[in-house]
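Let me begin by presenting the structure, written as structure tokens, before commenting on it.
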């Protein structure tokens, strides 16, 4: 399909794609594919007010009925999987397999949220007073603002939206200014769902803000946005947290990762090799869960690293829409320059660089294709403490597992981590209180590719938020503790006497 | 017992109580009871480092063993209940019944935490991939800083500490500079417990910072303080949140309340009357859960309010250590002046004030005893949106329950709330998504006096934190999602194919 | 639609419907609609073996993938709702609204089970030993035999099957010999789903046994049937329990109900009236949750009961497929005779009968249409302790709520119960430890019509089983407690020393 | 201490110990230590009635207050640990370390139950109908009968009683007729606790039935015994289940085990060796979790088994009260004869027996001391499918893990199991749906010595019951699902319309 065909398949008309101020380019070849109208801050505020009106209605729609909305959304996404997957690839440059995988994640979380809509379990609790009953209930919280990044243009919205909608919260979405089209395509889907769903779906249940950073700031500033769920860089997250702290608003932060894999002597090296390559070069190294640091036991270093370097050399780089491509472009030229700079710094810190540099420079014009790089480092140097959003994999050696874990935990980020080892004493130690300090810790799989059934997110500079499965839904609701006295007495807790 | 006898019973020697720079007065008569040495910021930082060292050891002590520490703490508190209760009364001025009740709450949460120490349940989760198992585990988080306020000088520390200790986190306590003695008395108890417990209890497991605000700031500034749990005013909470947002640290905020009771036509007015008086004048109106706003249906207003005014007139005000006293002193003269100012403002907004003003001015010297005040307001005016930490109860009328709930929810705080009604249609509406927006909502009991089995805390400006029962313990731990691949294959989630 | 058209719409060919030994009549007019082949016990045993083979495969299919099977089943049921709903009505005689409602319940539980397929949560648990981790996981149990009754011919199967399939257990269904056609129609749907699902769905995942009681006995006798979930009469349940006790197999028993409503003085009598009529005459009184006993406060008796008698007189009785019918036929003539006998007994015990007797005797030939009956009783006599599967509602008076609750609890069955009262002190007492002893207790709704989100089932002679929502799924799995020692030490629990 | 001193330390007077019909011998030397009065069936029935009266009162005592009772019980057990531990050893013959460990388990479960008393969590659940709230609450169930076996004379009672008491259920205890003294000693402790606790503790809260099997049958026959929790042999469990099936009563069955360990090639053989010896000869092989079957990989067989045989030869057998003894006596001569018979059968099935036969025959008179036996078997023969309550360990070889798991699962019992392996692929497979079919499955620890935090119990012939931690407490309560309609409408579930 041509780029225009992909856009049309997602329902975009030509008028919609032109005439605005926000230029959207495809990283596939760097060409502009849309010039979109942007929302003003005033418009954003009006949309938030509308969302809040929607909230007042939506919160009293029974949760299982809200679940039906999300079920219909899941069905519509199933129907649109191919179209939306291709659009994801077109707009953010990840290979089609990953574009489709991202839509599949949207579908999965919808299925999960439907079941959740008949749960949203609070607790009934034993009371210490006769004739009293205690319980705790979770209620809808308010408007949920969702800020997403270019690298996962649609799935994180859906992790948030599927839960938020079931939890009774309307959603306003501020996508990356680099990937607004996928957001608009999803909004079209939501509008079809609302039409199908009927009157219970209030106007403004889901909305998209097209534009730059100030629209995000409009959300953090507005009292009626009860929750901000933000995915992106650590500085962005700090800014959101600071803004929200002024009004004591709730945040769900999914910020940077600097994810490591430990390869132990007992590891199955074949599996490790495959996992490393997918984790490190998938999405051209632009996943928050991308593998960035490889900590290899000295005894298996020579058996693994040369083969890895070799594997890198043969990776098919190119048009992410094309069959067989495994490495697509970076999002833009700035990303490529940042990668170059990081590799330079790594060299200056004693690293030996394999690969790196621009790829396919002739054939793809303005697009920023990069050769994935492996950098052998003498030790965990300064540059390794930073997340560079590019396919750079640093490799260091270790002697003892305790030392490897210490290296793994040394960086400020705390998103994902893994160990390749077949020794249960090592794998369980890695998962223990004295092991990885990340929100995600895996054994014999890479750091990326979480299932939606678990809670997703990380600690430290990663921001502490959790999305997706387990009880992540609680972040979208307010908890209320209730005590009901059904007796004719008025006993006080803790046995206090107060008689007048 | 004399004041000095109370101090001695809690183990204070004379040397300890003098020679320092921090003057501690008892609100009972305004006299100085101690001049304590204060910690410098440098000392605070050293104590934090020590706590972090303790953390590295404590986190690997098995949780049920950590629970044994808390069990011993509970036993010690049982033994010390009378002494510590009296000291609470001496230092913060609440009546002895309430001082003892506060210690009982400490004991209760210890018992609860002991049971918890064999739970700390994460989940095992069904994985979508063959040969994979998923689970989520909760691990110790790090040093927990606890900031408490004068009005509950010991219980909130224990809500936090009992859970934090069981969860594997050492605790550093910054009590109010008005109530450091109770904190030091509790620290003495902890030291006895540590001695009993033996080597597993590392040095620095619990520590107390004596001094002013800059010690709290030392904690928010220090990377090794993973969690700050702060009880106090909204501005304090905002400051903590802003500081912690800079380093993306975790907070548990328990800030101001502006708690209302709705009295419906069907209410049992006898019970309502008793509940109002205890909730409004208990702790001399200085509980965060104190009843501050009474929203009475117009049909029962005349049957209730005059009786209430009458009841206020007969309340025994006086020495909180004395039998029969129900209303003790305010914490200090500043509190009395703030009360006066609020009453003035209320008058200017159309209110009719009953009571108020200084009580017992002759007999108690420098102490700030106040006559509790009832203020009949024509509507919910500006002053009613503020929390004045004093025994002022504003009363307004309502016509429909929807209107009453709207008034209840109109203020910026969201801690506690209640309804007196015998009509289940009203009481359940009040507890529903369209009802009270507070963290606590009760039926036929007042807003104060929560049991430790439920989660305690509130929404909006109250800060969103939860302490005590239910799953409040999760705030003291980090969650880790694990996927273990025990197969010899490497399937990717979401069915992605990536073969090279 | 004609009866034959209804059968054809569900996919039955003529060959299939004839030639067998099991005569199936429609209660609509008593005519025979099929003569089905019956399975022998040998065939049943072979089918169980096949199901067990299916189990060995199905248990290793990841649960979310099993959930996809159930999702497809839900989709297929959505498509077939009208057809299957009509067939339910044709075969068991409930009105079309209720036939459709029953299919909706199937759909609802499928949606719920899909979400569950990414949960099936066990726990991770704090261990008392250093270097040890504890967890509990739920594993597939084995073949699940499902025995259903004529009155809910399809929904209870689906409550069981949706959960069992997600939990990893193949299902063998023994429907009532009075309603095998709906079972076969559902099996056809399952076969379409299996075809769509592909190779992961083993042969024998769902199977139907057509025939009489000995087929149920084949299941209880067979070691490879790990669980029997049986819905039906108390004697049937006792027989199943006795058989299973011989081999210590698991049972889920949903047996008789003898459900009461208490109408308190404060009740909204309009609502009570509507609830009573639906609960008492819906499904012609043949629900296990049918309202059978009405316990009315003496102060409102005269305001309620005469109106109720009047309402009964105007109920449209007739063809359940026809618009406007509210009362369809009893299942067969035997049911009508049992109803007559119960009414006779009630009279002999002092009751005054309103209604009762055969209805529409001319126009409907062999069908057993009954006039619903209200029986005013002087007290709760012997007959009221029995469940007669027919539209008989016994009415008694009460003076105090305690007395009413005692009457409610006096019968051997313990399925469902409710109170109509607007007084929260009454309603909460009814729901308390000293209130209703039933598995279901409602306030201001009738005893029937449970949502699938809650656990369904009852206590005492009702058998103690739970199906549907909450953690009812656990009955279909086996729990395993795991302790993993990842240290190099071997400490014993409880601090035992054992050195050799 | 002399035997009489041990009895006196537990509070027995001489009068109490004589004059009855039930002879109690100590396995230490076979001498009679008491002749107790037995209860008649009529007395048992009266005690059950009394327990039921206690239930009607106890169920309305708030659960945290009931928890206080159990806390006091735990404190009293701490004080009595040495005395009760010695009595356990005297009466059942296990070594003192194990006697003390058993009392520690009682203490642990009390601590756990205290925390539980402020939980007993049910759920609040999202309702599909507007203006409705759903929840599920757990209520006290009724009298709990506890039947225990001689080998754990006190801990299993406490696992049951601590939970049952907190859950609101009085307890009647039928101990083994071989170990009534420990039961009576515990009852004395309970009576002290009741006295301390005050009026809230009704008469008959805990009671002990002294006598034979017919007293157990009195409990299974009596409608007012809501739950029977029985620990013992499979035939006993089947009898209880059959009796209870007649009245559809609840059972918690903890029956026989036939527990295996798989030793894989990667196992730490040092640790395995230690674990095997403790698991196989602890309590002289008379634990339900005793290791009975050792399944060793052929590659490590020769490195392990000869050392094991050697270790057995040096085990100190003798007076269980004496320091240094690791193997005490069997319970009686019949046990010794059963052991001999099993060894004979093993030989006839091709086994090579090491050890076995009577030990210490001279010095210990009537006591039944046995030499622990190891039997090398050519394959898993008939005798290995049976549980012989004696220190016999069968050893077989395996080639593949799948084969080892198949052997492990082949026996009818399903209590406990373990694997020694350091390969996470093996250990996780062993814990998976395709792994061990037991209720307990451990890695790198033996099958015995469960912590109280997990649910204890097994599948298949082991009876399916669960006691102790996790949500085992639910078996002592009844679940109630509540829907409260607080609207003025009466919508039906599943969207059914029913208007008359």
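Should a chain be cited, it is by its letter among A, B, C and D, assigned in written order, with residues numbered from 1 in that chain.
Going forward, contacts are C-beta pairs under 8 Å (C-beta built on N, C-alpha and C of every residue); 3 or more make two chains touch, one makes a residue touch a chain.
Here the structure is a predicted model, which means the values were calculated and not measured.
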Worksheet item: Since subunit A and subunit D are copies that touch, is their contact same (over half of the numbers shared) or different (under half)?
Response: same
Fill in: Identity of the chain that, by mean CA position, is farthest from subunit A
D
Practice prompt. Could you tell me the distance, in whole angstrom, between the mean C-alpha positions of subunit C and subunit D?
Written response: 35
Practice prompt. Express in whole angstrom the distance between the two chain centres, defined as the mean CA positions of subunit B and subunit C.
Written response: 48
Worksheet item: Quick one: subunit A and subunit C, Cα centre-to-centre, how many Å?
Response: 43
Worksheet, complete the sentence: Check: subunit C positions touching at least 2 other chains come out as 60, 64, 108, 117-119, 123, 125-129, 132-133, 136-137, 424-425, 427, 431-432, 443-444, 451, 453, 469, 484, 486, 488
Worksheet, complete the sentence: Per the touch rule above, subunit D residues touching subunit A in the complex are 60-65, 117-130, 132-133, 135-138, 421-425, 427, 443-444
Worksheet item: Of all residues in subunit B, which touch subunit A in the complex?
Response: 59-60, 97-98, 100-102, 104-105, 108, 123, 125-129, 132, 134, 136-137, 139-140, 168, 234, 237-238, 241-242, 244-246, 248, 250, 253, 255, 268, 271, 274-275, 277-278, 282, 311, 314-316, 326, 427, 431-434, 436-445, 449-451, 453-456, 459-461, 463-464, 466, 469-470, 478-486, 488, 490, 492-498, 500
Response to the item:
The residues of subunit A that touch subunit C in their complex are 64, 67, 71, 108, 111-119, 131, 133, 424-425, 427-429, 431-432, 451-453, 469, 484, 486-488
